[in-house]
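These are the structures, in structure tokens.
Shared between the two complexes below is subunit A, which pairs with subunit B and subunit C, respectively.
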Partner chain A sequence: MEQGFRASMGWLHTWAGVVVGAMLFAIFWMGTLAVFDREIDRWMAPMTRIALPDRPRSFDELRATYDTAVALRSPTWTVLQATERQPYIRVAYRDKTGVVNRSFDPATGAVLPEPGTWAGSRFLYPYHYGLHLKIWNIGEWIVGFAGMAMLVLCVSGVVIHRKIFVDFFTLRARQKSQRAVLDLHTVSGVLGLPFNIAITLSGLIIFFAVYFPSGWQAVYPDKQAFNADGGSAYARPKANKPGSLGSLDAMAGEARRLWDGVEPRAILVRHPGDAAGFVTVFQSIEERIVRHAASITFDAATGAVLHRSDALRPVAVAQRFLTGLHRIQFRHWTLRFMYFALGLLGCALIMTGFLFWLEKRRKRHAAEGLHGVRLVHGLVVGATAGIVMATAGFMVINRLLPLGVTLAGYERHELEIWTFHLVWIAAFAHAWMRPRMAWVEQCRAIAALALAAMVLNGLTTGDHPLRSLAHAHLWPVAGVDVALLLLAAAAWAASRWLAASRRRSAAAVAALKEAGSHA
Partner chain B sequence: MVKPITQRDSVQLPTTDRKSQWWFIVLRLVVVIGGGYVASSALVAGLARVLPWLGLVRIDGVVLASMLGFVIYLAVLILGFARQRLLRTAVDLLVIAGLGLMLAALTGA
Partner chain C sequence: MREMVLLAMIFAAEYLGCGCLALGQSRHWQAVTGTHACPPATQALLRIGGGLLLAAGLMLAVVRDGLDYGALVWVTSVSVAAIAVVATLSWPPRWLRPMTRVAVRKRG
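Moving on to the complex of A and B:
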């Protein structure tokens, strides 16, 4: 049975990997970038490159936007104070078309211009769990499926490598490429195994109510009842009579006093302008892993305390701990860099798995006239090099498009997203049309685009690395620039190595032919 | 490491059997992935009702059952693909789904 079990796990690992690998690479790549989404935000939206002042700004100064929200009949009005990773005040409310985000300078209170980009936190980060496919939540379901497949791949991968700790110390880089690729796959798989399992399972668990709705449906009459029971959040219906809003700063001050000096980080007003409106003041979520912000709710008009959030229940603590672990919104720079590195290792794992599949079949498929290798080769190049190229293209176009530009009815942020998708589609087309040169040429394109993005940032904003490294509030910009430079260097080195090995194998084939014709 | 698979891979099936083999793989995918999800969901529903009955607070039961759902589904997927006999897998899935529904019915809302 054991032999049979391992054989079936091998089959499962091979085919689940090939079928889901392309999606998994996209999810891992975007998830890895999402670790630094707010730093990428600052690179892509230069108006938000602001030094964080020492003191938070008054909530009441933002009253004008509250009046706008009331006029628009927005169901909520939210203020987020500036933080280290997002050094500007964010106000959000809804109009008929969706969420309106507005940003303010925390030092002067001045309105910041529209960023015209969805950048990291609104495009790259949601992409890794929603794939930018919003119809029927189809993106979330595809990602959920890929996540389950990733867990299956982790389990089956461990089963087929019984000597897992021996394999860990085996890297035959100078052996023939098939062997080296397999060893790289195994080493990155073993090294990243705990992270890959934890990040995948916790990612799925964030969406437990989406992926296993049967749980809450069996117990609650509807989603609202479930949310109300789970959130411990205060709620009361609209009175449908106009009401006023008291001093937000007084409420924030009262919250600070009740919390023994902990600074309020956010304010949420429900039913703005209604007599039953209420104000919830939240603490920061950056202080601990468990993703839960303690809150106090006040009556909007009188400022009387209506409710204080309860301590979380044990199972909720477990769920929020896993959520917090995955989303890493707590303050920990060392861990943040480790997540980034482990995410890249996960990308390498997926890519080497693909390469091994191809290497193993290349000769046999050529001999038997099968098209699988050619098809998968294009898929692999497009899914791995292609998405990296598309991301670099996304950043280049961000530095080229002037603010406020529209084209054919599309706004600037939509044009950026179109560019991303068009470059990605072009990468797939190129990989299928020029299979022999696909890797080399796409690596060159990545190198050129990444370098161009870095240079354009310096030219268009003046924040070149020499300047940005000298100012602490520009370090995120410097970080993105350095990452782009490293990417360009790595892609350039890879393209040189690939071109050289292509020449070597071509020379070997020619020599063989020569020897054959002389014989 | 992967020797047994290579052997299995290279086994050439008679051309007439190939199509049925292909359909059989599709059937296995549907039964294990689709059926496995339905069975896991039913068990999650059953657990979500039973756990409060065993003393957990209602919301805790729901969250715990739903989180366990991913582990249950993972086990179902692994065992479903490890099994050679698809019929036995289908029967097991029906048993799991039945168990879930029974638990839900016994502890009815």
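Moving on to the complex of A and C:
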């Protein structure tokens, strides 16, 4: 019975891993980068490399953009004050095509030029949870499916691992490659298990309202009522009569007084220009793990207090805690680096799982004339090395395209995203066409692209590492440059090692043939 | 400054703790010392010492970051420290030899 259970879990682990592994690697890789999404923003949008001033700016100064939002009939108008990780003021509203983002210098109030990139927080980070497939939330569903599969893989992996405590610290790196790859897979799996389970489970719980809509739909008439009750949010319908807007700074000041001096961080106006418009002033979400900002809502015209957010109820606190834990928007640099390191460990886990699958079958498939290994080999190279290469290519093209450039009707940020996808497709094509050299050549390409990105940043912006390390507000840029340099070095070392082991095995084959012909 | 010192202490305690737990296993003890099997009393000492060092890491993390952040820092940094021990054991295992000497001397 026990043997049968373990064997069936082994089968499940093997095939679930091969089927969703490629998707999981993309999600883990993008999630790992998203931990530093705003730092990548600074690198890719040089106009936002700004030193944060001591005092926040006036909300009322941004009134011109509010009037634009009213004219466009935008349902909302949002202002986010500058923060350490995002050192500029962001204003957002909607036009017919989607969200419009405007950026302002927090020291002078001047408009910052259009960045022309979606960079980390608008491209890499949404990729992590939605794959940029917005129709019917299909991307979120695919990621949710992969997340469920990840939990299945974690549990079945523990079941089939016979000697979990004996092998706890074991990595036989000098043994033959199949043994070493399996050890790497189990060690990274066991040591990363708490993080992987916590992060996967919390990731699924963030989207509970998408994945499990019957829960809230059974009790509430619509999403707004659910948010109002569960998240202590305020809402009222549009009056469809024109209305005015009082002083935002007066409302922010009143909120500060009611909060005993806590600084307001964001303002959201619903129904701009309508008589039923209202203004919600939020605290920062950076102070606690629980992702919930206390807020006060004012009547837009009179500035009278309409609502103060209450303390959340226990289930909501649990959901907001897990969301905060996963999304790491709180201020904590140590944890940010830990998440990054453990995210990379998760990538290594997925990759070594694939490699073990291949190593175990390579000889048998060659003998029996099966094509599975060749197909999966190409999939693995494209899904792992390929996405890293595409990311490096995304950063190189960002430093080469001039601001405001368009090509064939595509804007600059769309050209960057096209480059990412074309490089990725090329990686798959290359891996299937040249299977023997795929790893070596893609590692070399990653090394070259990462180094080129770092050098191009220094050349095009002047913020080379020697300069960026000397100025605190440029440390995000320095960090990305150092990471690119480390990536280039690691990829170069990997390509050298792979090329050497290929030469060794080729020499061994030649020696065997030689011996055979003499006999 | 205090934060950095405490972080270094957290990692040191966790690295040594994981190192002790690894040396408490015969396979790694033999790989590090080269020859003999680990005496049972030393093995017990290593396991208890390892557990205490990990607990010390948790205490330091709570002192540094409070209960909520501290617990998170501990859970994540133990994994990172354990990976460092695995790397040491698989590459130059003799680096852990001083720890075995300390363990043997403590007992004798």
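Here is the rule we use: the second predicted complex is superposed on the first by the 512 of 519 C-alpha atoms of A that agree within 3 Å, B and C clash if a C-alpha of one lies under 4 Å from a C-alpha of the other, contacts with A are read in each partner's own complex, and residues count from 1 in each chain.
Definition applied: contacts are C-beta pairs under 8 Å (C-beta built on N, C-alpha and C of every residue); 3 or more make two chains touch, one makes a residue touch a chain.
Keep in mind that what you see is a predicted model, and the values were worked out from it rather than measured.
Trainee: Overlaying on subunit A: subunit B and subunit C, fit or clash?
Mentor: fit
Trainee: Centred on subunit A, what angle do subunit B and subunit C make, from Cα centres, as a multiple of 10°?
Mentor: Apex at subunit A; the opening toward subunit B and subunit C is 80 degrees.
Trainee: Once the shared chain is lined up, is A:Ser214 touching subunit B (first), subunit C (second), both, or neither of them?
Mentor: First partner only, subunit B.
Trainee: Would you check which partner chain A:Val187 touches, where first means subunit B only, second means subunit C only, and both and neither mean what they say?
Mentor: A:Val187 contacts subunit C only, not subunit B.
Trainee: According to the stated criteria, A:Ala341 is in contact with first (subunit B), second (subunit C), both, or neither; which is it?
Mentor: second
Trainee: Counting residues of subunit A touched by each partner, does subunit B or subunit C come out ahead?
Mentor: B
Trainee: Between subunit B and subunit C, whom does A:Ile289 touch in the aligned arrangement: first, second, both, or neither?
Mentor: Once the two structures are laid over each other on A, A:Ile289 reaches subunit C alone.
Trainee: Going by the contact rule set out at the top, does A:His332 touch subunit B (first), subunit C (second), both, or neither?
Mentor: second
Trainee: Could you state the shortest Cα distance, in Å, between subunit B and subunit C after the structures are superposed?
Mentor: 18
Trainee: What part of subunit A is shared between its subunit B contacts and its subunit C contacts?
Mentor: The answer is that subunit A has no such residue.
Trainee: For the complex, give me every residue of subunit A touching subunit B.
Mentor: Interface residues on the subunit A side: 3-12, 14, 148, 151-152, 155-156, 160-161, 201, 204-205, 208-209, 211-212, 214-220, 226, 229-230, 313-316, 318-319, 322.
Trainee: Hey, which residues of subunit C end up touching subunit A in the complex?
Mentor: Listed in rising order, the residues are 7, 18, 21-22, 25, 27-28, 65, 68-69, 72-73, 75-77, 79-80, 82-83, 85-87, 89-91.
Trainee: Which residues of subunit A touch subunit C in the complex?
Mentor: 166, 168-174, 187-188, 191-192, 194-195, 198, 288-289, 325, 332, 334-335, 338-339, 341-342, 345
Trainee: Across the complex, what residues on subunit B touch subunit A?
Mentor: Per the touch definition, subunit B meets subunit A at residues 1-2, 4-5, 8, 40-42, 44-49, 52, 56-67, 69-70, 73-74, 77-78, 81-84, 104, 109.
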